[in-house]
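These are the structures in question, set out in turn.
After this come two complexes, each holding subunit A, first together with subunit B and then together with subunit C.
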Partner chain A sequence: MTDTSPPAPRRGVPLWAQIIIWVFLVGLLAIVALGLRRAQQGTVQPGQAIDNFTLPLYSGYELDGKSEIQFDDLRGKVVVINFWASWCKPCEQEAAELQQAWTEYEPTGEVLFLGADYVDTEPEARVYLKKFGVTYPNGPDLATRISQYFRIKGVPETYFIDKEGVLQYVQIGPFTSLEQIRAQIDTLLE
Partner chain B sequence: MGSSRTIFYFVLLTLVLAGFWTIPVSAQGPTPTDDEVNRIAKQLYCPVCESTPLDVCPTEACRQWRDLIRSMLAEGRSEEEIEQYFVEHYGARVLAEPPNRLATYLVPAVAILLGAFMLFRGFRMWMKPSITEAGAADAPPEPEQDPYIAKLEEELRKQK
Partner chain C sequence: MIANFGYGVLVITFLVTLYSVFAAIYGDRRQIPAMVESARRAMLLTWPLLTLTAGALIYLLINDHYEVQFVYEVTSRSMPTYLKITAWWGGQAGSLLFWSWLMSAFASLVTLRKWDRDREFLPWVIVVACVTMAFFIGMNVFFENPFAQFYQTFDGVKSYNLKPANSILFTPENGQGLNPLLRHPGMIIHPPMLYLGFVSFVIPYAFAIAALITGRTDDRWIRLTRRWTLWAWLFLSFGLVLGGRWAYDVLGWGGYWGWDPVEIAAFMPWLTGTAFLHSVMIQEKRGMLKQWNMILIILTYDLVIFGTFLTRSGVLSSVHAFAQSAIGPLFFAFIGFTLISSIALIIYRWGSLKSETEMTSLLSREALFLLNNLLFMSILVVCFWGVIFPLISELFSGQKVTVGPPFYERATSPLFATLMMLMGIAPLSAWGRSTVKTLGRAIWKPIVGAVVVTAVLFATYTQKIGALIGFFLVALVIFVTIYEYWRGAYARQRSQGENIFTAFWNLTGRDRRRYGGYIIHISMMLMAIGIIGIETFQVETQGTLGQGETISLRNYELTYREIAQWDDLPSGVNYRRAVLDVYEDGEYLGQLAPRIDYYYDSQQNMTIPGQRSTMRDDLYVLLVDWEPATAAGATFKIYVNPLVNWLWLGSLLFLAGIIIAAWPEKERERAAFKAEARVQQQTSAAD
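Then we have the complex of A and B:
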């Protein structure tokens, strides 16, 4: 009359499936955490070695006839990278000073200025460059790859990199004088 | 004879003048209307503003990008070509809809399903002990086996 058979074993999720699920969830959380951490980080910090990047150049703004620049090829020179855009009004405040500084340091052959044009249209960029008489190499930051690497927060921002390819100073916002630019470059040339 | 020659020269002059009038127009092509520009612009987002479609963005930068769309349309470029140009120059974030990649849709769907499964499982585990406990508390005590009933059951079994 009474059922004396042993109770049926409980059917659960196999161990391997549980492990996969937990690994996937932990991985997903790690990705989200890394994204949040990156979003909260500021720009790249001084002391960090800068990885190679490619900057295509506008025609008329090439470097030694080359239509693009590989950052790794610039070792041995102090590199000043200026992020700008034609729609950026604060960029206009420093454009003349940057060009003046380039005119002063270009003959030494030890310093290179680069303009990275951030989310801009080429016709307006050319008008801007002509208006301020800019002559140093300039090109578009395609798909914002370079600005994402530097984690810029806006324009203008300027990065001073020493001869070994290590970032030494970051200028957020426009320079207020030519002396400011000279001071940073002279420190790196000493 | 003289009047037919006059008519001939008049027609010839008219055709030449008409040719001068039409040549520059055909070289320039039709200017795209605001509606045509905005149809593409509203599928793109301003790369420097937060969540603002290009067709309603009031900034100077957005005006430049709308002008760029207009000039590209005038050159005869297709909607896909213009979108591709924007992605190449400003990144995939300018697209109103993310690029059609498997991971874009698969990862959220899998994450939601897994989350639902884990919740369901956790909820069941949380509920089970309380049901067992409640069941144990409410169940009537099992009566002790009455010797008379035991004897009766044994007799019944024998008769079978």
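Then we have the complex of A and C:
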């Protein structure tokens, strides 16, 4: 090597500082590696039967007067779970379409829409729900238990579950048209 | 045939970069100049080779070769030719190739310079550039081959790099077409600009590493890469602004920046790059902060790779993320490798990177520059924390917590405000020493001016305290900068007998970096006006209107006139276009026509806002929903975005500023020498 610097460096990095730097670096890389492993796993895959979960509901957004939903009680219905948040801009893109789809399918009694509010505060969530005129059952995903179960990567994400409680389709990111939502539900209703 | 040719050349290029790395190391170790020269020529070869590969890919894209998987995924028959070409960077495999191609262009440019004075850097610059290139080309060769073709075998149709036994080529009738969101002009230039910024930061990094390895740790590497850094910064900044413009026009939420993880990923190298740009000046003028500059350029490089990695690995979900892919772990390994080896090198050379001088005054320019650096780093920490925090919280508490835009806005706005404050003070302080008295004497006039402007705005425009502080700072910086400019020009006018315009011109020409920098400061302030405007004064409303009905927002009234729907079959798009009459305080202004375009091939909607843009505000109307069954009504979302046009105006001036600062000078060395002399004059003048 063509080393032209003075042979003896004046003062290097003290050992304790070196240790801190390396521990920090390795820790950081470990955390990113962890995130990467999660990401590689991906979301829950279609074909998997979904276990029971509990979604508490905001008042005014209850289901048949009940302030809590047990997923197992919903067998026999097509369930559409939409993960959203009031701070999420892309969610606004699909909010009107989702509500429109709900008003179309609600009368059939065969389809249930659920909104799972992800990492949010109730007042802000209420403003959002009101702004888009959402009427289907909505509640907070407490301690992110449901979203962790589905291993969602972000919001919005929507999961279509058939009448037997088996996941059939995952939509990552917002819907861009009502037709997209209809198409998924209609195949599950056939 | 063409696909196999393209793949073959790609493999050869990969081998050439590997050869270049080994030849450079071997030649340096064994002191064989011919070996190093051979490595240099090999690196020079990468650009023509990758251009051939790219040519092959473009040929396939233009000519509808849907047997090639990548072509199938990003183009369709109805797309015009220019979109088929730009579809090159519309998908994962192609955009990686695009990255490598740009990188090779920069690497070749570097090899062409005169190396006489810096021979010892050459092998290591080659090593860094070629390792980076080999990594990216390797991704294409082994995992994301843009030339993979569909073959029909007994197991069905799958894509393969090479023809498997007992198979026949399978050609789909039509492709899937490019995501309509990516068909916007802004999106056509945005990725290349960002990538140009990304790859050009590799060059200063390569020189920094060369300086660390060879132990030649004076400011030579900084002087050599000064212009590269400026151009890198130009491309990166412009790429970010274009991305914002694209979001504003296409994403349909009335904003330009959403603190999306991928936006942050591109923003982070910009932060360290901007800090670097400032702190290298201290090293050049005062011989300080050498260790710091090394850290900054290493961070910038790894954030560039990290940014590319985030968009590609699926670690974070976002509007930008490409499909999930196997290349994530490799990116991760590469970042780990470069970060660890760079940090190890810097620790090894720490002692010889000590400052030559000490800080003498907390108000000196170098102290203020240091503060500027700390602020940029604080913003970086906020951003990085926001990106990494969900992972950490999940690890330790089992609960995933995501931070949204409010977190970033609250955490960064005081930091940005302080940065603006510094932008106002720093140009008036002198290198070496500065006191409250000297500074005060220089700054009181601009402060008075800014106070007057703020008072006028308070009386006529707004009473919001946050916005007023913002506008005060904007006015202060603009006044200080103009004052500085004027002082210089006035001095020239008197001493050289030039008229004031010539004086301005010559002043800028004599110290381009400084005065280009001032123009950049002013442009940043114009952009700040736009940001303050949209952040604090944006109003929105949403409503479903029957024909002839009116909705109003601020002093605008909009009347819904009609809606039409038709197919444009050759381009495969269905248009839904609503027309609204716009009135302001009862006065007719014209019509706006928001649209929803539905692309049959990719089955996606694209929302095109109707916009009326003035320097005062933008009226921005989106067609949200329209059902043929209820043709009487349509739902609209309406925004008034005050002052947002200043943001785009500022970015144009910004471009001009960087070009002035980065334009090549003929007698670079002599100018640098003169600058040195001037600094001494200034320091003594400030006494």
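We adopt the following convention: the second predicted complex is superposed on the first by the 151 of 190 C-alpha atoms of A that agree within 3 Å, B and C clash if a C-alpha of one lies under 4 Å from a C-alpha of the other, contacts with A are read in each partner's own complex, and residues count from 1 in each chain.
Keep this in mind: a residue touches a chain if its C-beta (ideal position, glycine included) is under 8 Å from a C-beta of that chain, and two chains touch if they have at least 3 such contacts.
This is a predicted model, so every value here is computed, not measured.
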Which superposed partner A:G35 touches (first subunit B, second subunit C, both, neither): second
Just to be sure I read the superposition right, which of the two partners does A:G76 touch: subunit B = first, subunit C = second, or both, or neither? neither
Name the contact category of A:I21: first (subunit B only), second (subunit C only), both, or neither. both
What's your read, subunit B or subunit C touching more residues of subunit A? C
Is A:P140 touching anything from subunit B or subunit C once the two structures are fitted on A? First, second, both or neither. first
Quick one: is A:T121 in contact with subunit B, with subunit C, with both, or with neither? Answer first, second, both or neither. first
Just checking: does A:P56 make contact with subunit B only, subunit C only, both, or neither of them? Give me first, second, both or neither. neither
Residue overlap on subunit A between the subunit B interface and the subunit C interface 1, 13, 21, 25, 28, 85, 87, 119, 143-144
Touching subunit B in the complex: which residues of subunit A? 1, 13, 21, 24-25, 28, 85-87, 119-121, 123-124, 140, 142-145
Show which residues of subunit B lie in contact with subunit A when the two form their complex. 47-48, 59-61, 64-65, 67-68, 87-92, 107, 110-111, 114-115, 117-118, 121, 153
Flag every residue of subunit C that touches subunit A in the complex, lowest number first. 28-29, 120, 213-217, 251-253, 255, 258, 313-319, 324, 328-329, 332, 335-336, 339-340, 343, 347-352, 354, 388, 391-392, 394-395, 398-402, 404-406, 542, 598, 603-607, 624-625, 627, 635
Show which residues of subunit A lie in contact with subunit C when the two form their complex. 1-6, 9-13, 18, 21, 25, 28-29, 31-36, 38-40, 42, 85, 87-90, 92-93, 96-97, 100, 118-119, 131, 143-144, 147-148, 152-154, 157, 172-173, 176-180
